[in-house]
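Two complexes, one shared chain (subunit A), two partners (subunit B, subunit C).
Now for the complex of A and B:
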């Protein structure tokens, strides 16, 4: 799947991807793709396989099965090195290096090093170039790590929990910096996060994982539009027949009050109050209901998966 | 011509503003590896320099002593030498025997384990360099430092010991403290210990544990493994005397390997078979006709050392290659 100029439309494309640690599959039979230029959130509970997936894309983890392409080239191919920046969760830096030496590391090891970008990111945080990394706060260290990641001028930036250990102010600042730089350089960003709020405000694409499999993938707007929140009064046990016709992701009854998260097929009949759910409601609904069928929009589906997934909003 | 020069300066991207900073001598991975390990490397180089200066100074003093002693007849050279130089030589051999330990524990062990423990292996391998190249530069620079330091120290010690080789350690150059600390042997041993320390870092993530294991290896090496590498290859020379002439005399500079007694049929018997007999005739009565001495000549020493060093070096190179291959093949 390449466009006319030879560049792939897909920043990340996984087919049947799996990674096994001992007997446990961290990621299993995962087929999904992320279009170039997206800011994609990677969400899911602990142990869902987010870090493993990022690690495989960042060449730190070797897949057990399946294939993983980055911009159309297999991830193991050497030229891909310059295309990807990967910021792991603990943002490792050499603690005895100064900020300046850390940026020099980027310059020495990256042929496309953009010194101006890296220095702008560091300077806008009012960081001294002579400060030792070990003496910086968590937020300042994240800033330096981001400067290193953007200075590489990657086409794909992988971030594993970039905001996890930051206070709200620093997280807001780093998040803004991230989006501004990504927009300016046209970088595709894939970031994992526990915080739904981060994903809701920053991302236009989403991949939700649970138990090493994809539960939701695609544009945030399309995913949201594919679901409705149904509430009403229901007297008998179980899901009412007129709701059960649709794909019910999750349903709950508190007394006579019935609530369901539904992927409608056509119009919902009956006396139901229908509302558009928020991202958090949709995500939590899927996480709480492991049996609900996954939903991948047309943009996120690989060709091999396209035939199996015939329902959903994109249809 | 001048325009070309100007554009190339401009293309370097504002290097001009770094006017007061030190020049960029090392580039790329070598710069990173040097910067990361520079404290250890500089310490090694300084200690080496200090050790060399000390030993070369001692060498001058020892040579003066030997010159004077040899021209002065009637001096019991050996005793005076022991009084004055036994201790400095003992200290120096102890220091030399620490060279492989330092290479293994302080250079080799933290090399890969340290980056894995602190996660910086992820930082480096997510830049635009492959893991294989990074490991190659890391191992290469550590090997270079190890060779420079161990070769310089060995050269200084050997040049100090050589003129006095018949006196130091009672002339026994085949003992570990001389054989293992002179000529090419320290270089090979240091490289082997370095390789072991680095390789351990592939499997154990905690630096301190790897340092402990590397230290453990140096004990195991001294007690068990070094014997395996030395067993077998040297052929001792032989002197045989009729029993009437007593024990053959050990040639100058040689090291005794073994003593035997020989019967009329050429069969070898233990040294003790004819030890308590007073006269050769008593020995003859027991069937012993000759005394046999096996020894290593001083001129055999270089051959033995180079053979041993080559074996150790081959093991070190194999281990380094294995480390590189393993580290390239799979993420650390």
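Now for the complex of A and C:
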């Protein structure tokens, strides 16, 4: 993760980043960073700002406020362009081109083109080089799009819902291909996704957005370990005192049963059943509780945001 | 070589699933001394599992003395792995089988038996 020049330890670093469309802020005051080498899931409800953030990192969207650095350089700087591949949700390819012509286009347009990598990705899908893009299935088109993206030899690969429109078999193949190539080439991947089960196993880092702001960011394991699910008998009104002293993300009482998603500060006293939540439970807890304080682990925090962060985060 | 199966709904951490599957493969003789484990990239391609998760499992297996990394080559089953005892001929297996026969004889449904096993597990293996 660390490299000779300390600046590029972070693949993506946003400080006070914002994007306004008319009167609506799609992304607002966003400060977060993603370490180089991470496979980072970008999650959140529709309209949370995921595509806008990807667009800004991929230089398709100009930020309204703040700064955005990719490998230590401002994203607007010219050299950044060869470092980044951005695959939008519609995976734009020319339908009348053959696979071979599409790869040739990649070669002509990219100075660092790696023909061997691109052809390997295409061939491992048993695709004919002579096939027209328009005649391919969704999974095959995704494969060609990934071949183009990886053939560019990017240091950062941005993917907007890469597997959303694929059938289960194709999604499995494309997801596996993506991870194997990223591991092989040391590519940092940032991918938005609605499929929580995928994010939980594919990604080692996570950025959860809601309403244009960061709610959770950092290593998936660290974020999960910072939370517990507490269940017990509910005897009083409201949140029981021994739970309220911790950071309560979400709580509810059904009859006599009390359940809460909690960021513990130290031991939880009392007769409570403590369980480890899954990633989906943690995410849903934050999405349902807009007032819960965000959690950024040490790896995801920018220095400027460090002081504002609360106690439990260092876990 | 083995192939791992990641159950995304088991609630068990994926790296632990790999640790368990390697242990099981050793017990069953699917893996033997000197065999290579699949690379993290290979596991990623087959199962969509983050390569770091596989590496975490391999570190855990190394810690247990079951495998050894050979830098630049891969991860291999140790020459004399601290092999978990073969369980097939353990008396515990026979006792459990007897117990389950009695449960069946007394008319317990599988759901009842499963609940009893879960309760006993929580008592003796709280961390699992």
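Everything below uses one rule, namely that the second predicted complex is superposed on the first by the 305 of 315 C-alpha atoms of A that agree within 3 Å, B and C clash if a C-alpha of one lies under 4 Å from a C-alpha of the other, contacts with A are read in each partner's own complex, and residues count from 1 in each chain.
In this section, a contact is a pair of C-beta atoms (placed from the backbone, for glycine too) under 8 Å apart; a residue touches a chain by one contact, two chains touch by 3 or more.
All values reported here derive from a predicted model rather than from experimental measurement.
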- request: May I ask you to decide whether A:39 touches subunit B, subunit C, both, or neither, giving the answer as first, second, both or neither?
  value: second
Message: If we overlay the two complexes on their shared chain A, which of subunit B and subunit C does A:84 touch? Say first, second, both or neither.
response: first
- prompt: Once the shared chain is lined up, is A:151 touching subunit B (first), subunit C (second), both, or neither of them?
  reply: neither
Message: Output check: A:202 vs subunit B and subunit C. Expected answer is one of first, second, both, neither. What do you get?
response: second
Message: So in the superposed three-chain picture, is A:125 touching just subunit B, just subunit C, both, or none of them (first/second/both/neither)?
response: neither
Message: Which chain, subunit B or subunit C, ends up touching more residues of subunit A in the combined arrangement?
response: B
Query: Just subunit B (first), just subunit C (second), both, or neither: which does A:184 touch?
result: second
Statement: Touching subunit C in the complex, subunit A uses residues 39, 172, 175-177, 179-180, 182-184, 197-198, 200-204, 278
Field: Residues on subunit A engaged by subunit B in the complex (per definition of touch)
entry: 58-62, 78, 81-82, 84-86, 88, 90, 92-95, 97, 101, 104-106, 108-112, 115, 148, 152
Statement: The subunit C residues in contact with subunit A across the complex are 6, 8-9, 11, 14, 40-42, 44-53
- prompt: What part of subunit B is in contact with subunit A in the complex they form?
  reply: 13-14, 27-29, 31-32, 35-36, 118-120, 122-130, 330-331
